[in-house]
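Once you scroll down, you'll see the structures, which are given as structure tokens.
The following pair of complexes shares a single chain, chain A, combined with chain B in the former and chain C in the latter.
Up next, the complex of A and B:
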């Protein structure tokens, strides 16, 4: 694992430890994707975070919102020193799932309940078309989240409106497999007229290559990336024990898990 | 009222480049020209109210002023969490205009009835709810709120007042007459009936078209021994909390002419329903007489 992937995971562990909450398995499965988007793909920087033509990153799988802070820390938008002492506290603006009304830039939506981020992102992408803005919209969804009806409603709209400025990322960590057989997601999305790519969601170079390729395809078709990921990736303990779906580390566990990540 | 709204939509789309209009497959004929001329901003999206609310929220996030048109129960009840999360929680302004007020589709059954709309929306802070009593009032209220940055719900009734049509302002009750024996809150399309009953009585009549927020300031000036009659074309109790909060610390005696809180399993005509549930001049008169004659602790049912 690259050093940056380790650093991001250690940040997430520390923040989860500090606020004593979080869904770390889900965070670890998508951290590499979020990092590549902010570091290599999106028209976004701390200096341009409020620009009208910036690219948008929307978290639809709200349980993984804790993946966003580590990335924004590494990009220099926030510092660990400002977030860690107060995350989750009564009057803090930093919580497990974000509240955009407490920020002027950096946070683009409120997440939490599933089936909201994708239609919201679709609306932003449609507005970008109306405004003739070059802004692209990236939205991170869970595979399980696609059980929600609004996800498919958004696909109808995105396809009908030819939103090729919208890129739907499915963090496919096989959550839905434990619930129902969703069949072939790639085929389903292609039926909705999406350009679809399947990538290894932990291979940052492959992710970058695919996003860059899709970004140039202004062909009237919305984009989708199905990222094959592993829940808890980067920590052996987390991948083997599903209790880490919703558990925060105590001091001892923080040390153990951080070491695991460092050695991964 | 519906025609006035759609005409306003056509003007808005033609003249204001940051406005959008999405209909959930109703009203297309009236705006067919703008649908054809401005397909990017004026669209019949198909039938999915849930997603539509969130998509409109996304457009509002980018500074546009979206308006959605559909049928009241689907716009409000089906979509409740989208309203809560994507509009209210994120403080984003979208106009949601619903036809099919209360029992305006009287033969369709419970799926199309929506007497509970205000009660439901009042559960989500930050939303505005407007129930105009005429086409003129719809335009006045729409024009003053459609860019105010709040989720704003408009109940479009097919049975507007025909005799009394005062000018209205957002969040401001109209004092129709002043009196001392009781205060009558006439809501939206109930104004004609209320005025017919009250015009020669010594009672105050306040006319409300903005129901959330509720103009407590005006009501607070007309305590009238706390005798308040609410005449509302919606579930009983939809405004009781507001009335009690208005007179906090003082006793109030509230009577209501309103739809009962039950599932309506009958059909027939609009008039039959209004008669059956007591939203009539006779019942207004009866409740008012009872209220005026009542003393605290012995209000007869």
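Up next, the complex of A and C:
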């Protein structure tokens, strides 16, 4: 694992420890994707975070919000000193589900109730088309989240409106397998007229290559990236024990898990 | 004030007013958009779509997504009006409206047509009695039940830039004319349509015209009723409600919605706190909808002139007995 992937995971562990909450398995499965987007792909910087023509990152799988803070810290939008003492406090700006109401820029949407982020992202992309803006919209969804009807409703709308400025990322960590058999997601999305790519969601070079490729394909088709990921990736303990779906580390566990990450 | 209530059919149906008003808004402000979840046929807006393809969007049968899309479009500078039948514009999408619009500090106007019994033959699945109560619970929401086509059109315009959730329920057809075409309205300001000192009839939506008719009947038996159109159920005109309580010392509230959490509850909240008087609530008594025409449904649920007259008489007797 690259050093940056380790750093981001250690940030997430520390934040989860500080707020005594979080869905770390889910956070670890998508962290590398979020990082590549902010670091290599999106037209976004702390200075341009309020510009009309910025690229948008919408977190639809709200339970992975602890993946966003570490990335925004690394990109210099927040500092750890700012977030760590406050995260999880009553009325705090920093929660384990993003809450834009307390921010002016940087955070684009509220997340938590599933099936909200993709419709919202689709609306932004549609408005970008109307405005003839070059801005792209990236939305991170869970594979399980695709049980929500609104997700498919968005897919219909996005393809009917030819939103090739919309990129739907599915963090396919096989959550949905436990609920229902979703069948072949790639085929489904292709049927919805998406350009679909399947990537290793932990191979940052491959992720970067695919996002860059999709960005140039202005062909009237919305984009989807099915990122094959592993829940808890980067920590042996977390990949092996599903209790980490919703658990925060105590001081001892923090040390242990951080060490695991460092050695991964 | 000048009214043009005759009890007869309105000059324009609400759906015609909607079409005309949206045209006006599109011309005046390019940022106004109208989204419909495949009920353009019902609202006769297909031509509007043809004429304003950049302002009108049919999302297909996907109400919840439509609300989220509207939130995103608002964020990018547009002013969305969305439409569906009232249950699908409220109950079905309540979580989306509450979080993606209300909590997220966006601004949209939701038009819920076929409100209450006005869903008539579409029956129970399309009949929303709970929408008023639900929408009232969203912080800072504005909840309107259109009583007349002029009011409907004016409030569509008036709420164009209003922050937060604005919910306007209306009948698509068969509203009575009450207001003259240049009547002015204000959010949070009710209107006294008829003066009277014995009892106040406070109403919303289709029940306003019914109350005007009931007031005539009451006058014939020597009871002078004040008739109030509340205009906005939320924010409610608290001063006017208190004034009704003080002036007439008895209030009948009439609405085409569940009595639980509706206009009647809103009025009782005010009187209980500020000026306790006897209140009778006329509305749907905690029932589901069913198939029927307007007259049948009015009788079934007690939304009639007779029911208002009866309740007003009883209320006055109760007050006298005290």
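Methods note: the second predicted complex is superposed on the first by the 264 of 264 C-alpha atoms of A that agree within 3 Å, B and C clash if a C-alpha of one lies under 4 Å from a C-alpha of the other, contacts with A are read in each partner's own complex, and residues count from 1 in each chain.
Note that in this section a residue touches a chain if its C-beta (ideal position, glycine included) is under 8 Å from a C-beta of that chain, and two chains touch if they have at least 3 such contacts.
Remember, it's a predicted structure, so these values are computed and weren't measured experimentally.
After superposition onto chain A, the partners chain B and chain C occupy overlapping space and clash. In the superposed model, A:235 lies in contact with neither chain B nor chain C.
By the document's definition of touching, both partners, chain B and chain C, reach A:109.
In the superposition on chain A, A:16 contacts neither chain B nor chain C. By the touch criterion stated above, A:204 is placed in contact with neither chain B nor chain C.
Residue contacts after overlaying the shared chain place A:136 against neither chain B nor chain C.
In the superposition on chain A, no contact is made by A:165 with either chain B or chain C.
On chain A, the surface touched by chain B in one complex and the surface touched by chain C in the other have residues 100-101, 109-110, 112-113, 115-116, 119-128, 130-131, 149-150, 153-154, 156-157, 160 in common. For chain B in complex with chain A, the touching residues are 20, 40-41, 45-46, 48, 50-64, 81-82, 85-86, 89-91. Within the complex formed with chain A, the residues of chain C that make contact are 54, 57, 59-60, 62, 64-73, 75-78, 95-96, 99-100, 103-105.
Contact residues of chain A toward chain B in the complex are 99-101, 108-110, 112-113, 115-116, 119-131, 133, 149-150, 153-154, 156-157, 160.
Every residue of chain A that touches chain C in the complex is listed here, in rising order: 52, 100-101, 109-110, 112-113, 115-116, 118-128, 130-131, 149-150, 153-154, 156-157, 160.
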